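Common to both upcoming complexes is chain A, partnered first by chain B, then by chain C.
Take a look at the complex of A and B:
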């Protein structure tokens, strides 16, 4: 054990290994923190909750930091929610039962592109008489545009871009035929053509509440073309959820599969070598037969016909790797160790087979399996992603591979949503690279003969 | 050798059975063709008889491939006798199996040739010495510790506290061999099998290791089977010595008798080949037996040494296997030269 620790300390001599260790460390930290801040059930609720959960999020928005690299700033989301106290409406009693409420949504719009959607969500409580709302759009240059009126229900959404009366009014005011509502609302009339007017906009909503008990909450959302750290997908879902939750799943899948397959193949090899004879022969034949059984098609078959649960897939991978080709490598080492004089000595003082296998044979190769495990991890991470990309990913869990699969089916690359594919791919590559860098360094430390190479 | 041990057993059977009895021992390894077809046997040990008393030391000499390692491993219970038997401490090896076999093994100490290879590199000295005790059911930790301390002091590996946490590679060759001896002795065996215990050590520490072994033998009334190809170290040790050639014992005698008055042509040749540190010998041309040890799959007919023997008698040595001739009390030789009729009348 001490030898292993001092060998790990030698890792510091390899800069690539240090970088790899830092990356693995970060991935592990994310893997631990993610389930704490966003428990499994919460993640599933968010990811599978549908449009209601994500209705304030834009569709297919790029990550916010994309604006740092482009000369035109894409619109970011603006969300002003009266129920969360973003604005405080003022009320005026105008008759015994009726109150008039003023909601004033003011926001800065310093971007170069139009928002894709502008929606006002209203949630009213009333007994029989619906509150009535009148909207006025005030541009930075002081123009006031009547932006329609509506009767609020428990769940009303006012989509400005679908208001044809508003669209005709804006056509008249701007003199541009075929202008959309959003272009009209954000247009700079002093400039040629349709261009965004930057500055502070305001949406004033005047609400009449006809019952003393009735309430009205309204949320104004100007959807962006960029959103958050990782952007959003076609169902308005924030990709950070999947990227964060993909980390512990990838780590768990990779590490569990690597550790289990290594431990089982090594134990089987040790048992076979020690027992010898037909047992060893049988293990060898099973290994060879197993080697020609293709793993991926079996996984695809099970995924298609039975279940796509990630844990079932993990179990299958482990079961099919129990008699993996690694047995051959370990067997070669054990055959050598078996002939060591200290094994003879152990037999001479009465050690039984189990003791010899677990106390004398296996400890000798432990230094070799540490790099082996680390190098195996990325393979299994990629395998999980491959399954997801092939459409056999876990139907419930958000994973990196699942994101790539979603992006692929939605034609992300044709539509220019590069971030959707690049972010999970980059994480996969970084994770694989980190494990490979640490693994190769460990290999050099534990197998000194490789050092000259 | 078939009927050589009448004389030896007579003198040694003073108080009951001998500690170790080897009776007509054969150890053959099957050769396989293409992994399953039978292709003959390697006759590593082919009819060996001798016995060993409590507290007695016996040396076994022979060149590489003469079967001394197979003989040793069979006595240790690591090989299965093909024919014949090993009886140690009233336990017959041929009928012992499973747990009893493991118990049998644990009653014989084993000192190996290469001390570094004989110690598991991933265990410290304390663990190495604890293993035999744990395996053989000494469950009391304090007792284990006191036995380890006692034996380390006996092999003069002190201070004990400094040695215990060390790993084999941190010790010198001589110290490693002391650990090996301590491990062999920790179960307080009645028999110690020493397989060339000093051949891989520096000349400077050889004598010290041999002295430790001699002292252990005396203080524990230990029987020792000392296996070597180096005749210069056997004198230290044993009362009796036997010479093996091609799986058989060719000469058996008291140490002094054999070294001073060798009878068998092969023993002669062995003694000729061993170095004698005398300046006068520098220019003396020696007669070394020509050729190599014979194949053990198809050993030569008659006397197995006849193809290399300088005193080869045609029609006798290559036809008939020589029995044991007693040339002087307790000095047995398997060679037709010592037959009164030179083999003609047999």
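Take a look at the complex of A and C:
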């Protein structure tokens, strides 16, 4: 054990290994923290939640930090929610039953592009008479535009860009044929063509509530073209959820598969060598059969025909790798170790087979299995991603590979949503490289023959 | 799995007896041939058995232990019912007659597909057919020429796979060989360190680099196609066709190379370095042989078995990766066919594909043993050295 620790200490001499260790450490920290701040059930609820969870989020928005690299600032989301206390409506009693409420949504718009969507969500409580709302749009240069009226129900959404009357009114006011509602609302009339007028906008909503018990909450959302740390996908879902939850899944899949396959192949090799005879021969033959069975095609087959659960895949990978080709390598080493004098000594004092295998044979190869495990990890991480990219990812869990698959099926590269592929790929690459770099250094430390050259 | 060992003990008899030497040499040669034949046969039997077990497992999995039959029964019933409604005679029958009519047609179809016998019996028939490359008819997929023979479907796809992977791997082999040699010559130089630092990038599979290359060259720069094999519609002029083909091959080949080249060059450079510290290399240097001569005769030759093994193992792992690689690049090859066959639950095509893979893997293993003997005279095929 001490030997292993001192060997691990040698890792410090390899700068790539140090970087790799730091990255692995960070990934492990993220893997531990993510399930704490966002439990498994919460992650699945968010990811499979659909429009109700994500309706205030923009569709296909790039990460917010993309604006740092471009000269034109893409619009960011503006969400003003009266139920959360972002604004405080004022009420005026008009008659015994009727109140008039004033909702004033004021926001800064310092961006160079138009928002893709502008929606006012209203949630009203009433017994029989629906509250009535009138909207006025006030631009930074002081123009007032009548922006429609509606009767609020328990769940109303007013999509400005679908209001054809407003569109025609804006066409008349701006004098530009075919201008869309959003362009008309944000257009700068003093400039030629259609350009964004930057400044402070206001949407005034005047609501008539006809019942004393009646209430009305309204949320104004001007959707952005950029959003948050990681952007959003075609279903408005925030990619951070998948990127965060992808970490523990990738780590668990890679590490569990690597550890289990290495430990089982090594134990089987030790057992075979120690028992010898037909047992050893059978193990050898099974290994050869196993080498001919193509792993990925079988996994794909099981994924399509039976179940796509990530844990079933993990189990299958381990089962199919139990008799992996690594057995040959370990066997060669055990054959040498078996002849060592200390094994004879153990036998002489009457040690049983199990004792010799687990106390004398296996500890001898422990230094070899540490680099073997670390080097195997990236392969399994990418295997999970490969299955997901083929559309065989876990049906409920969000993973890095599933993000790439979603992006591919939605034509992200074709439509220019590069972040959608780049972010999960970058994480995959970082994770894979970190383990590979550490594994390489460990290999050189534990195999001195490599260190010389 | 190879039984080849390096026999280092040469017994040179001190007494010179020409006739007995000749006789024993002849005897040894005869024994050598006998051993070679016996070894080859044994190896072949073992490999065929191995392939059979692998294929049988595939058949059982692909048929879901017989569950696919239920799906097929359902589709047969549906298609029979659909065909019956189109039949004018069917409209005049009463309901009892209709049920009897449909049932008799379904029974006929079941007999036609051989579904009336137990799965266990049929699975062994499938195995025999699979092993003898008699793949039968597909259930869903049709070849571009309209054939339902699985063999035709496979044969139609095989050339494009072989073209892409053959040329990519050939380039990979020679680039890695020359890179390895030149790196071993310039051991410790900047280039050597760069390749060493880049070797871990091979942890990512080829399709992964393919995504990046598509992103850069197809989506952003718009200079190369996103995927496919030729532009649509295919050019009539053979020269244009060839150019279009080459244009479509650039990205997949580049992805294939990037994913494997650094690790392979690094590994081979290490082999070369190990062998260039041997005594006989020093001896050759002392004799004043040129560097190229030393490289070719004293370093490359003994290293070749190692290199070929590592290349063959690389091929085996990369080979199965073709499924996803071809899917990402939309390359009309065997891998993409496999993916489609699975999506369509087309068992005969799935099994045929896996059989193809299994045979290819077995062939690689088998050929490897003989290649060893060819490139390294110290290796004697069939010499049971493990005793």
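In this section, the second predicted complex is superposed on the first by the 453 of 453 C-alpha atoms of A that agree within 3 Å, B and C clash if a C-alpha of one lies under 4 Å from a C-alpha of the other, contacts with A are read in each partner's own complex, and residues count from 1 in each chain.
Keep in mind that, in the parts below, a residue touches a chain if its C-beta (ideal position, glycine included) is under 8 Å from a C-beta of that chain, and two chains touch if they have at least 3 such contacts.
Here the structure is a predicted model, which means the values were calculated and not measured.
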Side-by-side fit of chain B and chain C on chain A, or clash: fit
Dominant contact partner of chain A by residue count, chain C or chain B: C
Contacts of A:344 with chain B and chain C, given as first, second, both or neither: first
Which of chain B and chain C A:352 touches, first, second, both or neither: first
Which of chain B and chain C A:168 touches, first, second, both or neither: neither
First, second, both or neither for A:45, with chain B first and chain C second: neither
Chain B versus chain C as contact partner of A:360, first or second or both or neither: first
Shortest span in Å between Cα atoms of chain B and of chain C, once chain A is used as the common reference: 6
Overlap of the chain B and chain C footprints on chain A, listed as residue numbers: none
Complex interface listing, chain B residues touching chain A: 73, 76-78, 102-103, 105-106, 108, 110, 112-114, 117-123, 131-132, 135-136, 180, 183, 187
Partner chain A, residues of chain C touching it in the complex: 1, 46-47, 49-51, 53-54, 57-58, 61-62, 64, 68, 187, 197, 199-205, 207-208, 211-212, 214-215, 218-220, 226, 270, 273-274, 319-321, 323-324, 327-328, 338-339, 342-343, 345, 350, 353-354, 357-358, 361-362, 365
Chain B partner contacts - residues on chain A that touch it in the complex: 3, 340-342, 344-352, 355, 359-360, 363-364, 366
In the complex with chain C, residue positions of chain A that touch it: 16, 284-285, 287-289, 291-298, 300-302, 304-306, 328, 378-379, 382, 385-386, 389-390, 404, 408, 413-414, 416, 418, 421-422, 425, 428-429, 432-433, 435-437, 439-440, 449-450, 453
